[in-house]
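Look at the two complexes coming up: subunit A is in both, with subunit B in one and subunit C in the other.
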Partner chain A sequence: MKNIEVVVTGMGLITPLECGAGTEEFWRLLIEGRGAVNRVSLFDASPYSSDLAAEIRGVVIKPGRSRWASFLETALGGAIKDSGLRLDEIDSSRVGMVLGTVLGTIFDKEAAWRSGSAAGVSQGGLHLEAVNLAGLYGIHGPITTVSTACSSGTDAIGLAYRAIKAGHVDVVFAGGGDTLSEMAYSGFSSLHALTDTVVRPFDATRNGLAPSEGAAFLVLEERGRVEERGARIYGVIRGYASSADAVHMTAPDREGRGLTRAIRAALKEASKESVDYISAHGTGTPYNDLMETKAIKKVFGKGAYGLPVNSLKAALGHSFGAAGAIEAAACLMTMSTGSIAPTLNLESMDPECDLDYVPDIGRQACVKSTLSISAGFGGQNAAILFTSPGS
Partner chain B sequence: MKRTIWITGVNVIDDTAELAEASQERTVFTEEALLIEAASLTIRQAARSGLKPAALAVGVDGVVEGWQETFFKRVLVDGPLGASPLEFPFTSPNALAARLSIRFEIKGESLTVTSGSLSFLKALVHAAELVRGGIAEEVLVGGVARGKVITLLVGSGQGEFCLEDFGELGGAEQSLYSIGESFGAFTRALGNVRSCEFSEQPIVSFGDSFGSSVYFRFSETSL
Partner chain C sequence: MRVVISGIGLVTPAGVGKECFEEAVFDAHSGIGPSSRFPDSGFASAEVKGFDFANVFADRRFRRSATVTRYGLCAVKESLEDAGLFNTEYNLERAGLVVGVTHGAIGMTCDFHEDLVREGPESVSPALFSDSVLNAPTGNTSLAFAIRGPSHTIIGGPTVGIQALSLALSLIKEGAVDFVVVLSCEELSERVIEAYKKFRLTSGTEMRPFNMEHAGFLCGEGAAALVLESHERALSRGVTPVAEVCSAVVGGSESSVESIERGARRALKAAGVEAADISAVTACANGSKMDAHEGVGLGRVFAHSLPVSSIKQLTGESFGASTLMSVIASALSLKRNRVLLNRDFGQAGPEWSWASLRVRSASTDLTSTLVSSVGLLNEAAFTVLKRL
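The block that comes next holds the complex of A and B.
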């Protein structure tokens, strides 16, 4: 690959925490230790094993737009504005987009299926929304939609990073988004993966996840052109890798071997042996959190015990294809502000999950490098490494 | 030094009746069975040359939506008991790539592209990028449409066709309106390489109705 540095110049997101009020508000609430998991109101959850989820409340859906598209538009618009990019001043054929999602327009499809109407049920809808967004913002470079379960957001950013690094494009908008849906809710309920109390990542009593929704986009650019226009740089992407467990359709490799390979490959690409902070996938399910802990220990050895590791999913729930992109934005905010967000609801330590998970109260720290890790159904794993602009 | 990228073991399967007799696999959906059968053929063909896939790239369109509808309508009728834990993973588009990774123990990168009619061809471009970038030596590429699949191997070893050049954008000679159509267009393009009298092979390009396009330039090897 050519010696091109890929930097992040803009972030935009919408999560159940700040409901689209902006990245700074999102970060303030997260650092304060606020959570957004509550009772489901979007559908009747009473027949299921839980009625908890994190919903984006009060969001205005434009006529003719799906819930999912509205989230994507909010996040992408916010990211472009934040970057200060003037799309009319650059070669739009060198601007691309990579969108990660799992279920896309499922919320609106469900409404149509419930009513027995075919309206709103479009085939190939996953890609149509990416195309619509590209049209809205005048993006004429390559547009790709990828779906790698709950690592979709991380993989989208990783693929965008590679496209710039290879010299195919100069700017890529990359991120992910998903909505809450009864289909996913019923499926996770059937797998006994929903919590009926609270999401407790890494806790001895953790008993499941809370489904969620949201979207996040990052603006990735080649460093040289960013410095020419004097734009702010949030961070530099130094390495990315993904892997497959090849073990089970829903459960992770219990020993975290696949995730270990992904983390090691990302570190190798970045020529780094360690990082200052890890944003874990941390779903709050028994298998995932233990698998991640094992992977981190395998990669970092004794150094793992001195590494702050957190999970945002106790606060935000699990937003599937959006999660990796939201957590990437949180990594960049961590480096920018020197604050690490807490892992909420962590009260009783699991003897096997014995790392520093930043329980309940956030902390100040000098963080110059971060690793964001994701895992998903089908044994998907992804790891992406950011450093601060000056390091 | 620029890596040479090869394509080998191209298989298209759409005969479900024949497959039902031949396949010993326990599968949930027809396309899953088709994909595993086609991938088995590709992997066996590649193994003759000592090649084994280490990564996956699968393009999917128009299949998973049907599975989602079936799954959800059963939930609407039967409530929580209608949600099958066996079928639930197949509501996620990456389920087919996951089945391949488990079945054939492929533990490297695994990407599922859901970019409409170009999904398979974009997966092929991605696979070629992995080989060119030295991230994987051999990548199993799949495409899945309703009742029809394609598989092939892209690698740095050896194969039937050399992929001289590839990429996205650049205008499209052929418009594709479905992913299934892309399987035929792609195999015809390879067939044309064999019958072409030119020493310099022309670029073939494919586009969708939204203005996206991909291009390839192949040549035939002496194998």
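The block that comes next holds the complex of A and C.
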């Protein structure tokens, strides 16, 4: 691959925590230890064993837009503004977009599904919505929609990074977005993966996840052109890798072998042996959190015990295709602010999950390198490594 | 690094298996006919026939998988066998998988929703849920063949077959993997047929690519898989590749024919060839209004009388899957040095006046071909193949 450095110059997001009030507010609330998991209001959850989810409330959906597209528009618009990029001043055919999603417009299509309408054929239109969205902002380069289950957001950023490294494009808006839907809710309920109490990543009593929604975009650019225009750099992407467990469609490899391979490959690409902080997938399900812990120990050995590892899903719920992108933004905020967000609701230590998960209270730390890891259905694993601009 | 196609696998309406597909492609045998699965639709379609999953795929873990996944599994198995990589001792951590999907497991998604709506949450099946996600064919394929390297699912229209090819090409050139399986698969669904009918994109009974009336396409289904690896590696394993993949470029998304023209030019540049070096084009043309845009866009790039063909009259329109079928057909045409033929499509639209849409066999010295794919919003992707 060419010796091109890919940097992040902008971020935009919308999550249940700040409801689109901006990245600074998102970060302030996260560091304060605020959570957004609450009772479901978007549909009747009474038939389910759980009624917990993290919803974005008070969001204004423009006429003719889906809930999903509205989230994406908020996040993408925020990222473009934050980067200071003027798209009318650059070659728009060299500006691309990579979007990660699992279910896309499913919330808006559920009514159609119920009525048996042909308009319910939603999945085939996901890429068209992405192309339309890009067109709104004058993004005329390659548009890619990826769907690698819950690692979609991380993979989207990883593929965008590779596209710039390969010289295919100069700028890419990369991220992910998903909405809460009864389909996802019922699906995870059928798998007995929903918590009926509280999301407790890495806790001995953890018993499931809380579905969520949101969107986040990062602006990725080649470093040289960024320095020319004097823009702020949040961080540098140094390595990315994807891998497959090839073990089970829904359950992760219990030993975390696939995730171990992804982390090792990302570290190797970054020429690094360790990092200062890890943003874990940390869904709060028994198998995922233990698998991740094992993978981190395999890769970092004894050093794993001195590494702060957190999960944002106790605060934000699991927003599927958005999660990896939101967590990538959190990694960059961690490096920028020197604050690590806490893992909420971690009260009872699991003897097998015995790393430093930054329980309940955030902390200050000098973080110059971070790793964000994701996993999902189909045995998907992804790892992406960021460093601070000066590293 | 030169990258080649070292194995192919196909499940198509025109024929199941690479031999049947190859025969159908060179005989211009169509898989389109009255819909037997959805006879009430009143539409013709291109259905996969004579497909016996249990006979081809003995692994019982996948017996309840979605139709789209079953097509994909059989196509991948054949491609790995063809490449001499099935059940071998190769390190599958160094193998990648890139899948392009448009609608995915739409049948299972419908079933899941029907259960949820009619019977309530207690009745929904976890298996239907996990197999209805868009990356289900990918997850099942990696599971079935123990492919443990990079694993990606790309969602898109007709371009997604070449988008998957493009990503696979990058993975090999970066040295991240030794080989990559590229798969694109679709299944027919009454919902999909109804949706395109509603959007006035389907024709009803006939499919006539290039035709001036742009009456629409007919839906198809199936799977196409190919194995990509370096030429050097294929030769060292004693495999005779089908063709070289010189470039696979995802064009722009600007809603105009300029993006088609620009994308095609970029694909040529990336392949290191001139427009004059291209011996034939395998077009995306499917009888819809998009044919006109494709014809104008490509006409700005290529000289007069270049042979242009479309296999959609044989396979129907299965989006990414039929695009990857087109890539394989184009590769086979290079290997055999035979131009792909068009069936009778009536009067061609004026935007194709530059092209030789020959319907009879003719000898041509084929050296390089371009495969074109164009989506509903003029998003485009192209690949340049070369004879070895």
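Descriptive notes on the structure:
We adopt the following convention: the second predicted complex is superposed on the first by the 382 of 391 C-alpha atoms of A that agree within 3 Å, B and C clash if a C-alpha of one lies under 4 Å from a C-alpha of the other, contacts with A are read in each partner's own complex, and residues count from 1 in each chain.
Basically, a residue touches a chain if its C-beta (ideal position, glycine included) is under 8 Å from a C-beta of that chain, and two chains touch if they have at least 3 such contacts.
This is a predicted model, so every value here is computed, not measured.
Following the overlay on subunit A, a clash is recorded for the pair subunit B and subunit C. By the touch criterion defined above, A:R254 lies against neither subunit B nor subunit C after alignment on the C-alpha atoms of chain A.
Judged by the touch definition given at the top, the superposed model places A:S92 against subunit C, while subunit B stays out of reach. After overlaying the two complexes on the shared chain, residue contacts for A:K268 are found with neither subunit B nor subunit C. Of the two partner chains, subunit C is the only one that A:I139 touches; subunit B does not reach it.
For the superposition on chain A, the stretches of subunit C under consideration are 6-14, 24-32, 204-212 or 348-356; the one running into subunit B is 6-14. In the three-chain superposition model, subunit A touches both subunit B and subunit C at residues 1, 47-48, 93, 101-103, 110, 113-114, 121, 123-124, 126-128, 131, 140-149, 155, 159, 162, 166, 168, 182-183, 186-191, 241-250, 258, 261, 376-380.
Residues 56, 60-62, 65, 68-69, 71-73, 75-76, 79-80, 82-85, 88-89, 91-95, 97-99, 101-102, 105-117, 119, 122, 126, 129, 133, 167-169, 210-212 of subunit B are the ones touching subunit A in the complex.
Across the complex, subunit A meets subunit C through its residues 1, 47-48, 92-93, 101-103, 110, 113-114, 118-121, 123-124, 126-128, 131-132, 134-135, 139-149, 155, 159, 162, 166, 168, 182-183, 186-191, 241-250, 258, 261, 265, 376-380. Residues of subunit C that touch subunit A in their complex: 92-93, 97, 101-104, 106, 109-110, 112-113, 116-117, 120-122, 124-126, 129-131, 133-136, 138-140, 142-143, 145-157, 160, 163, 167, 170, 174, 176, 189, 191-192, 194-195, 197-198, 250-255, 259, 262, 319, 375-377, 379. Interface residues of subunit A, counted against subunit B in their complex, comprise 1, 47-49, 93, 101-103, 106, 109-110, 113-114, 121, 123-128, 130-131, 140-149, 155, 159, 162, 166, 168, 182-184, 186-191, 241-250, 258, 261, 376-380.
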